[in-house]
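Have a look at this one before I ask anything.
Every chain is named by a letter (A, B, C, D and E) in the order it is written, and numbering of its residues begins at 1.
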Amino acid sequence: MSTTPTLLEVEEVGAAAGGPPTSTQRILTRLVHDKAAVLCLAFLLIVVLMAAFAPLITKLSGWGPYEFDSSAINSALGGVPNGSLGGISGEHWFGVEPQNGRDLFARIVYGARVSITIAISATVLTGILGVVLGMLAGFYRGWVDQLISRVMDFLMAFPALIFMIAILSSLPAGNRPVLLVVVISAFGWPYLARVIRGQTMTLANREFVEAARASGAKNLALVFREILPNLRSSIIVMSTLAVPGYIGTEAGLSFLGVGVTPPTASWGQMISSSVSWYSVDPMFFAIPGAFLFLTVLSLTVLGDKIRSVIDAGEAA
Amino acid sequence: MTRYVIGRLGGVVVILLAVCLFTYLIFFKLSPDPAVMICGKTCTPDRIDSIRTVLGLNQPLLTQFWEFLQGIVAGRDYGTAHCSAPCLGYSFQTNESVWTMITARLPVSITVAVGAAILWLLAGVAGGLISAVRQGTWWDRSAMALALTGVSVPNYVLALVLQYLLVVKLQVLPFPSAPAFSDNPGLWFESYLMPWTVLAIGYACLYARLTRANVIDTLAENFVRTARAKGLQRSLILRRHALRPALTPITTIFGMDFAGLLGGALITETVFGLNGIGKLAADSIAKNDQPVIMAVTLLAAFFVVIGNVVVDLVYTALDPRVRITSA
Amino acid sequence: MTLLRVRDVTKQFITRGQGGFLAPKAPFTAVDRVSFDVELGETLAVVGESGSGKSTTARIAARLLDPTSGTLEFEDQDITRATGKQLARFRNDVQVVFQDPFSSLNPRYTVERIVTAPLAYQGISPKGGGRAFSKELMERVGLNPDHSTRYPSQFSGGQAQRIGIARALAVGPKLVICDEAVSALDVSIQAQILELLVRLQRESGFSYIFIAHDLAVVRQIAQRVAVMNKGRIVELGSRDQVFDRPQDEYTKTLLAAVPRINPEWDRRRRLREQERMQSR
Amino acid sequence: MKRSTMLAGLLLSGSLALTACSGNAAGADKTSAGPGGQAATGGTVQVLANAGFSHLDPVRGFDGGVNNFYRLIYRTLTTQGAAPGADGTKIVPDLATDTGKPSDGGKTWTFTLKDGVAFETGAPITSADVKFAVSRAWDPEIGIGSPYAKQIIAAPASYQGPYKSGEMPTIETPDAKTVVFHLKKPYADFGSVVAQNTFVPVPKGTGAGTELDSKPIASGPYKVSAYKPGASLKLVRNDKWDAKTDSIRAAKPDGFQWTFGLDPATIDERMIAGQGTDANAIAGTIQAASVARIQTPQLKQRTLSGLGGCTTYMGLNSTKKPLNDVRVRQAINFAVNKQTVRDAVGGSTLADLATSIQPPTIVGRADYDPYPSPDGKGDVEAARKLLTEAGQAGGFTMTLDTRAQPKMQAMAVAIQQALQPLKIAVKINIIDTSTYYEVIGTPSQQHDAAITGWCPDWPSGATFLPPLFDGRNITAKGNSNLSQLNDPGVNKTIDEIAALKDVTAANAAYGELDKQIMKLAPMVPLLYEKVLMVVGSNIAGAYLHDGFSGGIDLVSVGLTDAGK
Amino acid sequence: MSETLFVVEDLTVTLPTSRGPVDVVKNASFTVDRDDTVGIVGESGSGKSMTSLAVLGLLPGGGRTTGSIRLNGQELLGRSEAELRSIRGNAISMVFQDPLSSLNPYYTVGLQIEEGYRAHRGGTRREARKVAIEALERVQIPDPARRIDHYPHQFSGGQRQRIMIAMALCCSPELLIADEPTTALDVTVQAQILALLAELQAETGTGLIFITHDLAVISSIAQRVLVMCKGDPVEYGTAEQIFSDPQHEYTRALLDAVPRIDDLIPAAEEVAG
């Protein structure tokens, strides 16, 4: 057998069969080459910058998010903004809020802060809960799985929206954003955990886990050092898709009046207060509505692109 | 099979009990004293006490819970009045039987859910199928871009936009109300058209994407290659070999989504002012009407859990592999 | 010296249908009273068709599964239920090479991380640092040591299997259990890996339990062969005894079913081959 | 005694909320002529509403929403007039032949029923039915509506209504037509009390439990033909009602059709569009957002407007630091920008700025402004001066309770904004609508300030100032003295006015008491909210009734063209 | 000895990949006679499966084929999809490697056999069912009349492959292409399937292209052998010639690498040493 001709070694010395596993670098490189993704990234960048530098930006624009401008509205007509298009002017770039003349631009900017902070916090919390519990259920099986799965069943059987509203409206206002994050995450994690659980089960059957066990790895090491890195793609994809979901949920809850409390601005709350005004002052509805929609859309598109990049990477 | 069904139903009861207990505890922990709320504006401590006695609020929480459960199964007495099974109590706000309130509103929610479901199934599956078959074409790409957009529109935003455009500006549709079909079929249809559309769009887009992905995956299956190698017509391959495996998992998702909707499309019903379960939920929450909140939550959970079982059974019927092993 | 002693090991799996706690339970015996010994430095092959229980046996021997009954002794110590330090020591002495080279390597880790993982898990720091240690190991299994920072997916199947072998060697084991270690490979690669396995054994003197379904491969590498069928060992003996003078009916059927290259043609080819070698 | 706005939707502000006040507001100033006209007989009036009726059982229901409606199906011993302006709040006989005959120094009141009055069942209405109906007010489960009967009429302490305690011993029915009430103490205005819902006759022996809430027994011109709570209610003519016995109710239409649970914005849209049957529709006050849209001449013609008769105010808890310092409270009174508060509820069309505690509809009210500022925009300088005096120049933090309702929240935000220059940080505490009054009415739970409203049941200070500021009325639960003001001077004046026999003098005295209280600044009067309605183009005979917080008088409204 | 049934000449298959088009089969040529079995052998990635798929125009999306494929002298390349369809499963049938995934799990095996028959022969379901039962009987599925209504997962691996064969043979094809039909099977089952194929071929005279990586299997079944390596047809000849006197270095290396079950000859190592 020592005479094995070199021809048979072609494969052995040949070009690598595949590249390294999908790295963040690679995802980014791919995204940058996608026009739609770049557009989404650009928009999101603007929103994030807006959120991050809200105080600075409103200093430039001249109006704070809570400042009333009675001169911008017509008290005799129920408080409609003066001028066309909801009072858009050099003074108020996006017009003003009816009935109090607060600057819509400032409120959009500050609203971005709230929406994004809540959505990202909820995503992180859901992520931690979903990943850890999902992995434990999928890895340990048996009663751990039974317990976690039943809790998941239970939470998923719950009419989450009804319950979220009910809880939020009965709880004292307290720290609403934190409450929102907790409530959203409490009902959100099972959906991630279910996927993670399934993948963990598959991964736990993969031989590298057994190999690690044979190498002397303890259970927790198997879960967190062997399996977790392999869930990275799913976690990235699900998180990117969760953020828009949670932005939507937060906006929805604020829309239903149980979200952040006034005077704090959030996009959902702005849309909610614009409901009665939509035929008189469509801009009041259109501006926060457009921001919400575009943000959710951008994140969704981006999540979708990342997914396809990762899928392609995994398939290769 | 029977054993399987019984086992599943047992699980259903357990989950519903848990939902029930959890809801009960949460609302009695968080909510203000219902006796005070019933008592109203001109309240005296004596009256509160007597109301508490009638409602059994002076008993330990678990006893109350037990009586609540008994009420559902066997009916119960409130003071002098008897409430026959299934007894979900009386609204603190209107004194109406909660069961009556729910049965009165269920048809609206069902109409909304069924109409929307038909719409999104047709649109979603058809769209996804065409996209899958024409994968990579202009049609496919624009349909999928549209689907992403559709998934991203919050439904209340869409509802308001539609209402503004179609009802206020163009006046092609009436303001949504919930007329009976028998009274005026035309108006019935026009009234529900917007709620259906709003509710359906998100799902339709999701289903289009799902269907497309599933069909594409299925078309890559070995058995489709076998079918081609047998010389079958393309349409037959698509219809018989690709569609059924591709759609079977969608049945599961559909069942769950639909069951979720039967418990009330809260936002859509609220925005359009349709008196369904979802609006009942919103209203009762606003008024802290605990018996109604309890009932609505339970009902919605019931639909979801039962939906789960039905889906599993249907899946068992649809997928022969599962069918035999569970028998 | 007997390295591993397996006595009356039985493994039952409880399979549950759907329906939660009401579902009927059905015990399924995957391994049925299996006993064998592994001597130091020898290669014991376990052959059988799919479902014969050979992989389960391998996993029990590696303490990846716990037997329902029976005992395992390693170096005269009962390790059937060993935990903690004792298990750690066992893990240090017994390593496994798996069937699917890609599935058995964590795709998220570099070769260096993979081959040093056994040490890391056991809290041992590799001699001369991870990089040098892994390069040395890679060299030993015939891999380009410069590739130590690559990921598994950048290697071919045969190379990946070499990584798996390198990992097994990292802790200096006394027993290596190869679970269908060459089954997924093309025949040419298979030959190379077999050659590598033989060479490593010669160099380090450890034992193999070689699980395979391919009798021809087994014949190449094993000193002793255990034939399994339906969870039992139906025949256990030296290689030549089992292959040339099978006692059990099943073994005979199995052997008869193996496709063979026309022996006459093969003989002629060999002769020609020899001539060619000599004329060189 | 009622708070101005009860149960408004959590999700969307209730457009009927403002009308949810009872009380006989007198002398409304600006009731526009609007769609008066002559109503034809026949047709069905459509009513579009956001919130449903609380109760159909007259002894349970007690809010502006039902009070007005009850007159369509129920009759009381006396009732308010049916006319715009002050005539509307005049008490006139209804089932009774007169407004009651007092005796025993006003401690005993005798009423005689008219002939020919009957229930929808055809059974004649007897004094026993009236007695039975009134005695239901003592039932702890049922008698949750108007409290006046229980407060004024003498009864055994243990009496618990007819279903539990049997017949009421203190109301006499010497014959089928006569009913005699014995009061705890003389009550000069008892003729107004018997106009309360409690005095709607109920056939003896009926109405246990929630029976009447779903199936009321009509005595008025209409009866309920179909009722889906929270969804719809249909009234048809009660043929047992005899118009000859009723000088109040025009009852022109053949029926009424309520649609509940409509989104306020949708109601406005429909009313403005006025298509189809919506031409025959009436609804509640429009939303602020719709004000700008009803400025066309055509729509102005269909618009009704008037004061609601309530005061919206911010109570300042005088027991909390630093609000226990009168100067701080006064400073806040100076500082609040009432303009922005008004804009928050919809601007000048929907509210007037409040300066005193009592609204303009109260007889004897003095028009004055103790804490003036230019255009009501707040006088920050004056406020700062007072705060400096009080040693609070550095500002402080206070918690403002408000309801989980957009309008109330908007008002809170406006106040928060107005106090910001004084470095007073207002923390807005949003409380669920259903528990709001429970929380702020519990002194141990209420915070520094709360926004709420008050509507009088009487067009005088008697149902306004004592309940809000009598320090001896502070209770551990259900407290309405939000400032927890317990001022000996105020208490003394309240007692002095109560002793006055002359109603006019008393009213004038209440006007002075208003000033006396406002010196202590226990509250910030914010707004007198107004009613602004659009009716369908085919609506006739519609006017705002001062007795029903500016709601359209339902017994007078009708259609111009009954055939449409 | 027997007439030429099927000719492949200069077959080149090009597949699009992310790195541009790749020739997965380069200029392959071979001939199948009636009653004849041609083995195509090669390691993974040698292009042997692509060759078989190209024959029936079943290449995955975007695959191009050049050269010539002739059945009974008739050119197949460049035929319309409809024409190809009438050939697939009719004149030329295929049996695939993994019988489980190659059968649709949602339908009974009966239906899956019947539909192929009816696509080409028409007829009623009843007739087709009769044919299907007969076909199952021919591949020695016990109790075919009952088993016809079972689903694929209810059969064992070997039985599934028999069903695949029954399906392929129900229209009496002139040429059968078996692509690694025994690779997924246990060695004893493999022996049975090979025996069955041989038996059926003897019965029907069908030409057979047998694709495998297993030289030992080829040696026992094929009359002629095409050895492929990375798309290149490195050697083509009679089985005897390939196995006893391989010309190409690759073939020789391959034959050397095959482990022998019969220790008739000492291991190469010893010979060399």
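By our rule, a residue touches a chain if its C-beta (ideal position, glycine included) is under 8 Å from a C-beta of that chain, and two chains touch if they have at least 3 such contacts.
Bear in mind that the values here come from a model prediction, so they are computed numbers and not experimental data.
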Steps in the shortest chain-to-chain touch route ending at subunit E and beginning at subunit B: 1
Fewest touching-chain hops separating subunit D from subunit E: 2
Innermost chain, taking as reference the mean of every protein Cα atom displayed: B
Inter-chain centre distance, subunit C versus subunit D - centres from mean C-alpha coordinates, in Å: 88
Inter-chain centre distance, subunit C versus subunit E - centres from mean C-alpha coordinates, in Å: 32
Centroid distance [mean C-alpha coordinates] between subunit B and subunit A, Å: 24
Distance between the centres, which are taken as Cα means, of subunit D and subunit B, whole angstrom: 40
Subunit C: positions in contact with at least two other chains: 186, 188, 191, 194
Interface hub residues of subunit D, defined as touching at least two other chains: 10-12, 269, 432
Residues within subunit A bordering two or more other chains: 1-2, 4, 8, 169-170, 256, 275, 278-279, 316
Of subunit A, residues touching subunit C in the complex: 1-2, 4, 8-9, 11-12, 14, 16-21, 206-208, 210-218, 221, 226, 229-230, 232, 316
List of subunit C residues in touch with subunit E within their complex: 49-50, 186-188, 190-191, 194, 213-217, 219-220, 240, 243-244, 253-270, 272-274, 277
Subunit E residues touching subunit B - in the complex, by the definition given at the top: 56, 58, 81, 85-90, 93-94, 96, 98, 101-107, 112, 115-116, 119-120, 151, 153-154, 164, 167
Of subunit B, residues touching subunit D in the complex: 31-33, 36-43, 45-47, 50-51, 54, 79-81, 90, 93-96, 101, 104-105, 167-168, 171, 175-178, 270-273, 275, 279-280, 282-283, 285-289
Contact set on subunit C toward subunit A in their complex: 59, 62, 64, 87-88, 91-92, 94-96, 98-100, 103-109, 117-118, 121-122, 150-151, 153-159, 164, 167, 171, 186, 188-189, 191-192, 194-195
